[in-house]
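Heads up, there are several structures right after this.
First chain A sits with chain B, and in the next complex the same chain sits with chain C.
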Partner chain A sequence: MSSSSVTVVEERILQYGRKEKLSWWGKTKNFRTAMLYLFPSILLFSIFLFYPMLRTVYLSFFLTDAQGVASLFVGFENFAYILQSSVFRKSMVSTLLFVLYTVPSSVIIALFLALLANEKLRGIGFFRTILSSTMGMSVAASAVIWLFLFHPTVGILNSFLNIIGISSIPWLLDPQWALISIAITTVWMNTGFAFLVILGGLQNIDQHLYENAEIDGAKYRYQLRRITLPMLSPTLFFIITITFINSFQSFGQVDILTQGGPAEATNLIVYAIYRDAFINYQFGTASAQALILFILVFGLTILQFKFGEKRVHYQ
Partner chain B sequence: MMKSRGWVVYPLLIISSLLLFFPIVYAFLVSFMSGTDVMNRSFLPSIWNWSNYERVFETVPLMRYLMNSFIVSTGVMLGQLVVCAFAAYAFAFIPFKGRNAVFLLFISTLMIPWEAAMIPNFLTIQAFGWMNSYLSMTVPFFALAFGTFLLRQHFKTVPHELMEAADIEGLSKFATFYKVVLPYCRTSLVTLGIYGFLTTWNMYLWPLLVTTNDEKRTVQIGLKQLQTVEVATDWGVVMAGVIIVIIPTLLLLFIGQKQLQKGLTQGALK
Partner chain C sequence: MKKVTLSHVSKSYDQQSFAVDDVNVEINPGEFFVLVGPSGCGKSTMLRMIAGLETITAGDLSIGENRVNHMPPSKREISMVFQNYALYPHLTVEENILFGLKARKMNKIERNERCQEAADLLGLTPYLQRKPRELSGGQRQRVALARTVVSQRPICLLDEPLSNLDAKLRGYMRTEIRQLQKKLGITMIYVTHDQVEAMTMGDRMMVLKDGKVQQVGTPLSIYNQPKNLFVATFIGAPPMNTLPLSLSQDRSLMFMNEKISLATPVSWRTLLNTKDHFHLGVRPEQVFPAEEVLEPSIKFDVTIEDTEVLGNETHFTFTLGKATWKAKWQGQWPKNIGDLLSLAVPLEAAYLFDTDTEEIFYSGQVQLSEGVQVL
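Moving on to the complex of A and B:
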């Protein structure tokens, strides 16, 4: 008994690092154990995230051959080239427009649905399941379904429009409508996840706040403005950031619905990178664009963290 | 207190559910339609028949793709659980020097969009000889900051008494990890498992890059292929393919919805 309790005591001392006279080997025991557990993660992050990110930066300063080997240092010329290229500029404009179309509408629709589904009604579980269903939909499956719905001859969307007296819309054929079509598909896909997260946020709000307001006779709209939305703001900010980032990363819907066309109207940034790198083998300019994508996402995440820290104070 | 609002909420819920779920329902209906039904823009199939489901397996090697997707998704799920649980254990229970620095390192991975690293990753996979291999679609996704944080959050709720008991029993750190901590935190392991399977099953861009033949292709790329092969001829077959591909994830989502919602709000916000 005594020997085992001694080791337990020793363990404790090591853990809290109170004993002064430990050897270096003893003092770093915790560090070494921790590293053993962390090693797989750190190794994988290094190989598949940190190293490639650095290499993207490196490649963006070079011209490369078709195998992706850097052959000629060109400094900032890749950046100068893409910033002047009308294709890239158009791609940036489309991407920003796309973000503008998708982010506010995704969040507002999901918020509306979550408010509905947060009511304590009979059978609400069924509705929650249905409303979160698009979260299980893959981008490929969603895009193929919407491709069919948008189809000029067999698509049913135009049939509906005709029934209510609106003439057919050239969904994927017209440059402006094509971007909107892709945005509709994306908003539909986003809704499930955003709904689930916002619903979770709503359910975390302290019910006592409502009970007190109820006693005071506060109206629903007043409660919504004074209790629900302020208490929900961290969740909302989180989901806005995530939706923003997801929008910037959209690829599958473009690949299946339009391949970047018509007239490059839907050549969103990740699709442009894909095309430059894997179809035209321009790894240098593709890397420069990838770096711009990185900077956008990086900035947004920093914002999220800043806000996320503040949130602690008013809870 | 909210019952009185039922008469406003129910109609709104029903309408929104119908609108949102319509594309999936319609895809299901079309998957039973004949070519003429589709051309007539019918809403319901005139005769319900399974022939589209038989034909889709003849058009593309869908069985093979399903198996590939299943192997890859299960692989990522298991790998993620192991790698994330290890890291989470270190963060939750081992007070080591430099923990904040390593934690920051993990957080920084959240700021790198995966697409920004995909070009060098593609070159790495080529150099490893991992093209058209399950390895390229699983190993790079094992480490996940979100998963680590999710598990760590739950690990920290393991009662002190339990950890002390394990200590007194003389369990080693590793034994404590898999005999005490993991069983106690089953639920978040399930949550992360569902999340990992779902996201991997639905992955599109990466499998598109690293598979060049039917041998290792996943169902999502199969759908793209099906759509390009079949588009002019038969939408019923394409939709049959879509339904087959979405059934596993929809089932998983319906079963695990509550867990997933709890896990997402906890893990995502902390």
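Moving on to the complex of A and C:
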């Protein structure tokens, strides 16, 4: 486009592109309509989400009694205490490690399975059902299944290891292994949903693109890199974000498998909050931790959007 | 340059019926070959078998001298344009054009040279850095064509490439594709359901119906000598008029219905000796005002039910027996709905079809010397 044409366009906009003047009532028409539609969900969110959040912020500035009633205003002392506490620091490290263990592996495994299940093979519907079945399983049920699998003497994992000549692993009893065991359970639980979403994304890709690539002589790897992954990027971005947030919030599997032990190795942040609040009745410090977790997840998610979204190709 | 040969090629998806049924044809190098037929007749299936995207149930497909039934698509030396263009939405126009060449690891200098050439040829140079969604339908179409140009492969398959465009652009792209084919000298196999495209673009065309080949030939030969009732009514706009007629015992009268009859032309009587029924077919441009026809003809009077004046030609619609017919006259005729018309069809412009087999058994062989007008 030549520069002269741009100036003509600019001139035209200056000359005729006047904004219409609307009254305040007219200007907010769209806004008011939107609010009307949003009202039911805003109401529910307010009661079950926004109010508890504000309440958490409030509590984090107080010492509380055993009933959780704020009794003494302490300002930022709860935060200061938390940030110096070695238990909290250890919990943070475990949580970050846990996120590192679970997010990439969940997504990569789900992607791999989805790629397999996306092939047109006889009876593939059966595999699709099986592979997405963990989605329909509650956290408690999954954790109990894995509790049996991890059992040091009668657990099937150790029996299997013994058969192939490897000595037993103290899955949930060893501080080194416990976090990994929880991570394995979590990856297994995450896979169903991630698999289903990614498979949906794969099936949405126009088959003609692959046929065209096939005719052009593109090999499978090239097609995967140049067509599948870019076309799938919005789906992958979604599932990474969701898995990431879920990982930070893991609780059920910790509660059932290890209760934060051994030696606090699996005391993930949400479990630590739970212990502080409902076992030690320290609602103030628990709220402070919850707030720190919130800010952390919020910040990391924003970073993810800022840097991750550049690589996402929306259609 | 290689020819494409199909012999007894069939395709069945469900092992019960044929989507493509026993096709035999030889497509010559450098030819513009059109597959035409109504929706669902198996055109795409046939094209995709040639491309190797669909397995062949029975028969042999050869490109050049080699049987290629099991050759993978990339080895067949073909390029293809899809109905929805199949552009990569996340890649720029340039990357789209170069996709195949990069996949084949062609060196950068030659790659860019070809891309430049193709972009110049198709007027895409200003758009090379845009994404497909920022292009108009016609421009997307040209990107798809540019991909086949850079591939420099001798055979190009196109599946209804113009069906997403508006009428005017379609007319324009028709000539553009045709010129491109002539310039590159490649073989094009072109699928369409639009008989106008088939007539105007094809060196030869194949008319398909329900997976079966109805007729293969040049557009004019198919227009002038349709093999059966289906081809006759499918090709041509407005389509050929047809009328079922039943004959009297002595073959002297042809009944349109219980009451109305026409005298059987004397020259047809021996021809119709063995028939009780037949279909009469007449092209709309062969239905003349009665006073203009001096040669032997069938004459009848009708009431005008509708008129359309299209600039320099006029279409009249009227009912003959149970059939609705159209007459196409040159010039502007100031007639009104309800007016009486005396019409005549020269005998040599008539086509007679068997009622049962729908095959043609007589055509007057009128020589349409001044060129056929199909829109």
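Going forward, the second predicted complex is superposed on the first by the 260 of 315 C-alpha atoms of A that agree within 3 Å, B and C clash if a C-alpha of one lies under 4 Å from a C-alpha of the other, contacts with A are read in each partner's own complex, and residues count from 1 in each chain.
Rule of thumb we're sticking to: a residue touches a chain if its C-beta (ideal position, glycine included) is under 8 Å from a C-beta of that chain, and two chains touch if they have at least 3 such contacts.
As the structure is a prediction and not an experimental result, all values here were calculated from the model.
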Legend entry - Partner chain in contact with A:71 - chain B first, chain C second, else both or neither: neither
Inset, instruction - With the two complexes superposed on chain A, say which partner A:226 touches: chain B (first), chain C (second), both, or neither. - result: second
Inset, instruction - Could you tell me if A:168 is touching chain B, chain C, both of them or neither one (first, second, both, neither)? - result: neither
Inset, instruction - Determine, under the contact definition given at the top, whether A:259 touches first (chain B), second (chain C), both, or neither. - result: neither
Legend entry - Which superposed partner A:176 touches (first chain B, second chain C, both, neither): neither
Inset, instruction - Considering only touches as defined above, state whether A:128 meets chain B (first), chain C (second), both or neither. - result: first
Inset, instruction - Give one of first, second, both or neither to describe whether A:206 is in contact with chain B, with chain C, with both, or with none. - result: second
Inset, instruction - Using the touch criterion from the header, give the chain among chain B and chain C with more contacted residues in chain A. - result: B
Inset, instruction - Figure out whether A:214 sits in contact with chain B (first) or chain C (second), or with both, or with neither. - result: both
Inset, instruction - Could you give the residue numbers on chain A that contact chain B in one complex and chain C in the other? - result: 211, 214
Inset, instruction - State the interface residues of chain C toward chain A in the complex, per the touch definition above. - result: 51-53, 72-76, 78-80, 82, 84, 86, 88-91, 99-100, 103-104, 133, 147, 151
Inset, instruction - Would you mind writing out the residues of chain A in touch with chain C in their complex? - result: 206, 208-209, 211-219, 222, 226-227, 230-231, 233, 313, 315
Legend entry - Complex contacts: residues of chain B adjacent to chain A: 1-3, 5-6, 9-10, 12-13, 16-17, 20-21, 23-24, 26-27, 30, 38-39, 41, 43, 82-84, 86-87, 89-90, 94-99, 102, 105-107, 109-124, 139-140, 142-143, 148, 167-168, 170, 173, 198, 201-202, 204-205, 208-209, 220-221, 223-224, 226-227, 235, 238-239, 242, 245-246, 249-250, 252-254, 257, 260-262, 264-265, 268-269
Legend entry - chain B-facing residues of chain A, complex: 4, 7-8, 11, 15-17, 28, 30-31, 33-35, 37-38, 40-45, 47-49, 51-53, 55-56, 59, 67-68, 112-113, 116-117, 119-121, 127-142, 144-149, 153-156, 159, 188, 191, 196-197, 199-201, 204, 210-211, 214, 220, 234-235, 238, 242, 245, 248-249, 251-252, 255-256, 270, 273-274, 277-278, 283, 286-287, 290-291, 293-294, 297-298, 301-302, 305, 308
